[in-house]
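The structure appears below as structure tokens.
Think of it as A, B, C and D in the order they're written, each chain with its own count starting at 1.
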Amino acid sequence: MTNVLQYLEQTVREKPYHLFLTDGQRGMTFREVYDQARAIGSCLIQSGVVGKAVAVLMEKTPRTVAAFLGAIYGGNYYVPLDSQMPRGRLEAIVDFLAPGALLWDESTRGLAEALPYSGTRIGYSQAAFGMIQEEPLRAVRKAQLDIDPIYVVFTSGSTGIPKGVVGCHRGVIDYVEQLCPALGFDGESVFGNQTPLYFDACLKELFPAMKYGGCVHLIPRQLFSFPVRLVEYLNQHQINTLCWVASAMTMVSNPGTFERIRPRFLRTVAFASEVLPVRQLKAWRKAAPGARFFNLYGPTETTGICCYYEICRELEDDEPIPIGAPFPNTQILLLDEEGRPAAPGAPGEIYIRGTRLTLGYYRSPEQEAGAFVQNPLQNSYPERVYRTGDMAMRNSRGELVFLGRRDQQIKRMGRRIELGEIEAAAGALPGVDSAGCVCSGEPQRLILFYTGPAEPEALLTGLKQRLPRYMLPNDLRPLEAMPRTPNGKLHRSRLRELADQG
Amino acid sequence: MTVQSPWFPLFTAALLVIYYRVPGQWQWRVLLTGSGCFYLWAGKAYLGFLLLTLVSTYLAARQMGDGQGREDRKKRRPWLILCLTVNASALMLCKSCLLPGAKELLAGSRVEFLTLGLPLGISFYTLQTMGYLIDVYRGTVEPERNFGKFSLFAAWFPQLIQGPVSGFSQLGPQLTAAHPYDGQRLSFGAQRVLWGYFKKLVIADRLAPAVTALRQEQTVGGGFLVLTILYAVQLYGDFTGGVDIALGVSECFGIRLPENFRQPFFAKNTAQYWRRWHMTLGTWMKTYVFYPVSVSAPVRRLSRWARARLGGFGKRVGVYLATGVTWLATGVWHGLTPNFLVWGMLNCLVIVLSQELTPLYRRFHSRFGWKDKPWYGVFEGIRMFLLMNLIRACDLYADPREYFHRLLSLFSVPLWRQPVPALGLTGADWGILALGIGAMLLVSLLQQRAGSLRQLLWRGNPWLRYGLTFLLLVAVLLFGRYGVGYEGTNFIYSQF
Amino acid sequence: MERLLRMLTQLHPEVTFTPDTRLLEEELLDSFDIVTLVSEIDEEYGVVIPAQELIPENFATGTALYRLIRRLGEG
Amino acid sequence: MKKWCAFLCGGLILGLLQGLLAPKYTGLTQEGGLIREYYQNAGGNDVIFIGDCEVYENFSPITLWQEYGITSYIRGSPQQTIWQSYYLMEETFRYETPKVMVFNVLSMKYDSPESTGSQSRREAYNRMTLDGMRWSSCKWKAVNASLTREERRWGGALTYLFPLLRYHDRWSELTAEDVRYLFHFQPVSHCGYLMRTGVEPMTEALISAPMTDAELGQTSWEYLDKMVRLCREHGTQLVLVKSPGLYPVWWWEWDRQVTEYAREQELLYVNMLPAQEEIGIDWMTDTYDGGLHLNVSGAEKASAWFGKILQEQCGLPDHRREETVSALWEARCRAYEAAKAEGR
């Protein structure tokens, strides 16, 4: 298996008219996705776009996925763009990307025409319903290697300049081959996709569904503000597999939704990209007793999830959920500042080693230098590993536990304080929905922001029982809603600005 | 092209026009070609069977009729036996090659069995040819020299659907005789055809879904009784309707076929019943099975021996044996499946019992003077109707055990508590059925008293006649159950 | 002839038979009676009536029947 | 004599009954009344559209007139099969000789009467197409081509000659409409276009039915050949079109075969599916039944786009300046605008 398209071609032979993707309005069977993708590929080749980036500026619909695969059929790599992002950032990315072609459809017509882009613009229907040329497609396919890039995904870089991570066939194939058996995906899996298509999180739903002939429901975004209607949607479509971000899980379980309605068909629930408070996890486990729960960890730079932990025991309220162990064929190294293996039980920075590593950052070698480094443990041959910048340690059971960003550790009164720990402690207290802790100003003051009905005084007394004195925040500020980045992570820079305003 | 197809009336009308235009001696040839086309259109599959039996019967008859076989019966016997075996085996082959298929279908509802394609009453046709053959063998009939005329007699198309079975001496000459145009006879024929269509399309086919539904449900007790009555009416409408169409069409051509029914449900006892229901089959069985068997040497020796030993009862042993054989033959003729044999034996049993019980009846009636009371006549009619049709219901179930289970349930399960399932008929349907059955009853009563209604009408005011006929036509066109929406059920009796 | 009439009354005691009562038209004789009659005649007169003779004309009246028996008797 | 007048009035009554019982297509199923409306508007049409619902729902002759001065008429009916289309074309040439004959190729996917669906469905659709046709040799041939072998043997063609034989059981469903429209019918279309003003975006995920066969059937190709020959005889240009409806799916294998055929026969084949963006069809606002057919706004966009191709490729004259023609069409436009405003 050297090409991700082989997943699609194998399934099209077995169950061509099985539903592959649907967004509640338009459904596409494998056969339709296969035909339209090849038509798009032929159209791209015909317009001379081969081996280039293809920007896909479309809403989240089944056709968008067909456009992605169409780009790969044309020997290119797709770059999903978020049509909701601020115009300036979008133009910066397109300018920075300089794609070979821009795919748009009726819903993003205005935006596509307004962009200052001089390359070829192609309407979705014009490509997808055009003529399929078998010969050019076969020629392009023959030239494709498994290390060819298939996508570029822009992450919300903490430093402002968008980082484009370039993923290839090899990374995705290895990822899918390890992920599916571990999480139990198969032909019966019906995925309820929540994450936007312009992030790498959706890979773990699209490609497994393509491999086994499962079905992906692109859940309409507005449903996520009405949790009861969302669970009805899950039950109505018998969705049995969820791979959501933690904040989405919390948003559903928090307001007592499960008293009114329970998801009836869940088999696998995985949450990622952030720490899920144990209280929310318990609510979910009570609501879906039959499901298996997984805590996933993995940066975009390693094509997605590299560690997973199946929740198999009762966790204490304030105990952080471990990220468990890496997938086979992937290794996690815990190293200290000097690059030596951290002492057992001591925190260390996570380095990831394996074929899963992506090709690197798009057109920004300097960023790459910081992240993809030579393996500090040996220097007898060149070996790239990815330095995540995340801190973790092994607990008494040998399970990896995520501590937080390296830059999120601060020294205060001579002690290392893990802001993540403070947040976890606050999150465990009743009346606290979510918590974010930052330190700012001189001398350093710890400011904890939280959402939820709890009173600052009650919160402080609660924290006193859980945190050493030197870790108690100086100031507790309730917020209406916790600022989040587009992909659902805590927007820490915004919190810092709020803290500075004082 | 079954009779319900719109082609049939057009085909008949066209044939009539040609028939009355062609000079007399050519008329029978027109009929022959007409029958040929009808057969080609409706039952190509059985052309081979038809030709085989026609040729074999014709040759055997010629052999027996003339040449040295003429005087000496011994010489004629081998030809008779040879031809009879050929025809009978051909018939059984046709039935059996269908029967394996029919086996599973029998398990299904009766309607599927009905639409099973054994088109054009193969059995009626075979009886007619065998009858002709035996007549020639007995010398009562001169064999027909001209093969065309003979095949016209054997395959005269109105008869092909479901009889009646007619003898050569009675039908042969009519077919070949010239028939000038006669308006009255034509309108009589047309009216009879219309009446046949009314009974078939408006009444019988409307009841068909109800009978099928009842039959498929596990109806016992009261439900079974309702099923029996409905099936009786459906069968009456279907069979007499089909025969009326055949007789009517034939009458239009000036050819009178023997009557098959005479108000059968007014019969008082079994003997009367079997003289009013399916009369041509009855007479055929009597002349070619019952009498020969009862007169044959072995039976005579047996009855002499029995009379010597058993006295009074002994006399009747021979007759009962002959009756048994006749009813066995009738059952087999209806179908090779067990339920028809059981049906035959049941009828035979009823006849033998009523014969044995006649002295008891006489004593009973002498004591109570009810015999001539009017209501007793009605009672007898109802009793006979129920008895005959309860036996008739045996046709509905392929497996006799199922039939007997339901029959006994009449006595075990209280009649009214058994819920009768929805019969798939709307209020309007029941209304039409009530009116239709009322009309049939009225016509039967009038026929019983005043003979042919059509004579009555012919003498009356012509406008009344036109009005009534037109009303009948509209009723058939509007309320008939035919056309694309309905699965045209073949004539029940066209399967035999 | 008397023997014949006796046979007929034996079959149907309630009917008084005369040589020309219409046996068939008034449905006095059914197929049963005809067959029992034939075996009786065979018994009494030793005359075998073949099947093809069992036709309505021969059994229309007592006299017709008697004429049949005599014809078969000599023939 | 008495007999003849009896027959006469008997026949009259039967004829009256037949008219009474025949469906009038005034209520919901208006599609049944499309074919019969052509005969008053026959003549003077440069373009005749022929095909199934993708023709009478997705094109508007009024827009063609308003934008390009093209005079056109649509002879469409529900699930019109290719053999019915061919005989309709043959019949049309008896009334007029248009410059262009446009045929929607979707119906080529049905290769035999049996393949169009269950018997009751086929019967309903056949009736809507064939009952409206006036009696002629074309209608007889169309009827026999639309029936299956058993239906022909049973005498199905006669039930078209005498509709009473088919609709006799409607006696229990008669309404006032049947009486009011006994002798005349109420026009329901605008030059054959059945206007739908409703808007119902795609709400229920439409999933494509499996492809029956990669190869279009032999019967379809035979009838297409016949169409080409027929149009060549009359000097009319045959244009093949696939209207932009998404469902049922027009598989690309079929599209490839039709494109090749069009190239061999030097025919203009316009597949409007790839041009959805160009036409500007938005399946959220331009459909009245959740994505199956276009509503009036969609039809106008499609007609405007297709009109330009007709004008350029087929060299159709602009009749808007001709007095007589524009008078007639002005009336039609007024009725069209009124209906649109009324939101029928």
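By definition in this document, contacts are C-beta pairs under 8 Å (C-beta built on N, C-alpha and C of every residue); 3 or more make two chains touch, one makes a residue touch a chain.
Treat the numbers as computed from the prediction; the structure is a model and nothing was measured.
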Chain occupying the middle, per Cα centroid: D
Rounded Å distance between chain B and chain D, as computed from the means of their C-alpha atoms: 51
Whole-Å gap separating chain C and chain D, where each centre is the average of the chain's CA atoms: 81
Distance from the mean Cα position of chain B to that of chain A, given in whole angstrom: 82
Where chain A and chain C are represented by their mean Cα positions, the distance between them in whole Å: 110
Pairwise touch network: line, ring, star, complete, or other: line
Touching pairs - complete list by chain label: A-D, B-C, B-D
Chain A to chain D touching residues, read off their complex: 16-17, 19, 22-27, 29, 31-32, 35, 39, 105-107, 109, 123-132
Complex interface listing, chain B residues touching chain C: 138-140, 271-272, 275, 286-287, 290-292, 294-295, 300, 303-304, 307, 315-316, 318-319, 322-323, 355, 362
Residues of chain C defined as touching chain B within the complex: 14, 27, 30-32, 34-36, 38-40, 42-43, 48-52, 54-55
Of chain D, residues touching chain B in the complex: 2, 6, 10, 13-14, 17, 119-120, 123, 151, 153-156, 158-159, 162, 164-166, 168-169, 171-172
Residue ranges of chain B touching chain D (in the complex, touch as defined): 1-2, 5-7, 10, 41, 426, 428, 462-463, 466, 470, 473-474, 477-485, 488
